[in-house]
């Protein structure tokens, strides 16, 4: 078990250096096993797989989160995660604009507003 | 208008050499303008944009279609489209497996079954 | 109770003269109360209300069914229902095309294909 | 009509002793009939039925609300409702964790955060 | 291109005299082309079409936004838009109540609460 | 790893004695790891947990699948699964009817039609 958790934690920290701790902390007192499943399954089993580079994986995740809706906190984390694994801001914006075609304009506009928030947070931290 | 339509048709034929005709044909007698909007807006305005390569655009589309659900015909076309712009089968499978994390296992399993159908169709045509 | 059921049945028969019987029949042996709730609540309580004409109600229902997805049998019935309360084919097509903006092109294209099926069924019955 | 309303109100008060009043109040000036339909149809017709105990009904409702998304106020009320009809906190957490499998991790994580809020509100009221 | 944009802007200003500027402004620094697509495609191509009056188009949009969920800012704008093209408050409320049948009560209740907010904002501005 | 897989397979066989083999088989040639994740994560990690009985877990799953939509094959398997862990037909029907309240009538009616198919398949096998 250790092994999957360690691998997952390494991937989680690489993609989400800031958010990783907060996620695990926030689940610790109520559902620590859900935090463990995120680390072991999502980041230990799935992100650890070869066959698709991390940048493409983040693009897929952004598209899915925007399409699904009601995922703003996760979308914020994954926009940062996309930047951390090599996407530039324009690429993120392009994914979001493209979602207007597949999930409708409201989802795309909300996604852009979330990206705007994230980019401003990053710029203000500098 | 011509211009956007021409650009869109070029992109549509590049990504979906087989499906492009069928899509426009199927809409011709009932809602030809919807077919025109697909060509002009989706493929002429959005896919024509720079800033994100076509392979990444197809990955985003696959992720969105699987997450949304009830999109089997479009998913089949876009799995072929992903292959046509340089994704290999393993990359497509990875995108679908990853959707188990973000959209749940039923969507991922249905997506894999659709990919299986597409790959078998392609293998049988050879 | 009789009263709500009678009012609902009258509305159901007005909007869906063919489908009304089939719906109630199909639920009769497994969940007759679900059929009763459709009649009493959906058609007896809601459609019976004033304040919005039946044509507008059908337009709202078509939009919702297309946006939600995975509702093909209901969409077929409500396209017929829309025709029965005064929508013409072009108006139905317009509602569906407009859904490309709010729910994405896959939902709109699927909706148009469903409308095509319904219109062909009607034309073949003549 | 009186009868269904009375039965519904009894069920609503049993499951949501605090929220029941607020719900009806908040709808009173804008759409009192929607409040009446909640009481008569949801709690008078559906929850009044035998064949499934109230605890199981609340588990089904929690699962549905988490899967659907964008239902935070309703989810908060129904987490309290689940506690009121005999679910313990661990059972509620288990339902939410299980939703990671069927609706994806973002929905489950958001659900857990909502449960955390509810449990803290309850603990602070003591 | 000018032409579609001009037509779209005219429609956008007619339906959303207040929100139109804010929408374009908010997208200007991050994804101005998404703003342009809203104007050109949604309001220039789709809303410009004949075959369905603007009031019916707004009813379809309200129904879709409520059914989709996680669209509160857009729903607020389109409730105002519906009022601007001739819907009265009762008609808007009726569309929302009807959504309880097709998208479930949580979506309808959230929709009513959003309508309440909009109506109060309008009344307070007087 | 063996251990989670073994536990998961035991749970999977208990809940889905017929479908378990078919699921793993169908994924074997295209995405065997997705089959492994179903066994290890869904049935080995999640269903193995205490804190909620299997019958309640199946009720939650049925509710989620109906609410999500476009999950007919999974819903069929889980209706059988619910019967296998102690739900009776009436309880399953009650969960589905209740979904009319939370996810709308179309989802509930489709769910009932799926249940009908499953029950008839079971009766015909006798």
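Just so it is clear, A, B, C, D, E and F label the chains in written order, and each chain counts residues from 1 on its own.
The rule is short, and it goes like this: a contact is a pair of C-beta atoms (placed from the backbone, for glycine too) under 8 Å apart; a residue touches a chain by one contact, two chains touch by 3 or more.
These numbers were taken from a predicted model, which means no experiment stands behind them.
The set of chains in contact with chain D as well as chain F comprises A, B, C, E. Among the remaining chains, those touching chain C as well as chain F are A, B, D, E.
Of all residue numbers seen at the chain E-chain F contact, over half occur in both copies; the interface is built from largely matching residues.
With centres defined by CA atoms alone, the chain at the far end from chain C is A.
Centroid distances from chain F, each centroid being the mean of CA atoms, peak for E.
Between chain A and chain B, the centres computed from C-alpha atoms are 23 Å apart.
Chain B and chain E have CA centres that are 29 Å apart.
Residue numbers of chain C whose C-beta contacts span two or more other chains: 33, 37, 41-42, 46, 49, 65, 68-70, 93, 97, 99-107.
A complete topology is adopted by the chain contact network, contact being made between every pair of chains. For chain F in complex with chain D, the touching residues are 41-42, 46-47, 49, 51-52, 55-57, 59-68, 90-91, 93-95, 97-103. Listed in rising order, the residues of chain D touching chain E in the complex are 23, 26-27, 29-31, 33-34, 37-38, 42, 65, 68-71, 73-74. Of all residues in chain E, those touching chain D in their complex are 69-70, 93, 96-97, 100, 104-110, 112-113, 115-116, 119. Against chain D, the residues of chain B that register as touching in their complex are 99-107. The residues of chain D lying in touch with chain C in their complex are 33, 37, 41, 45-46, 49.
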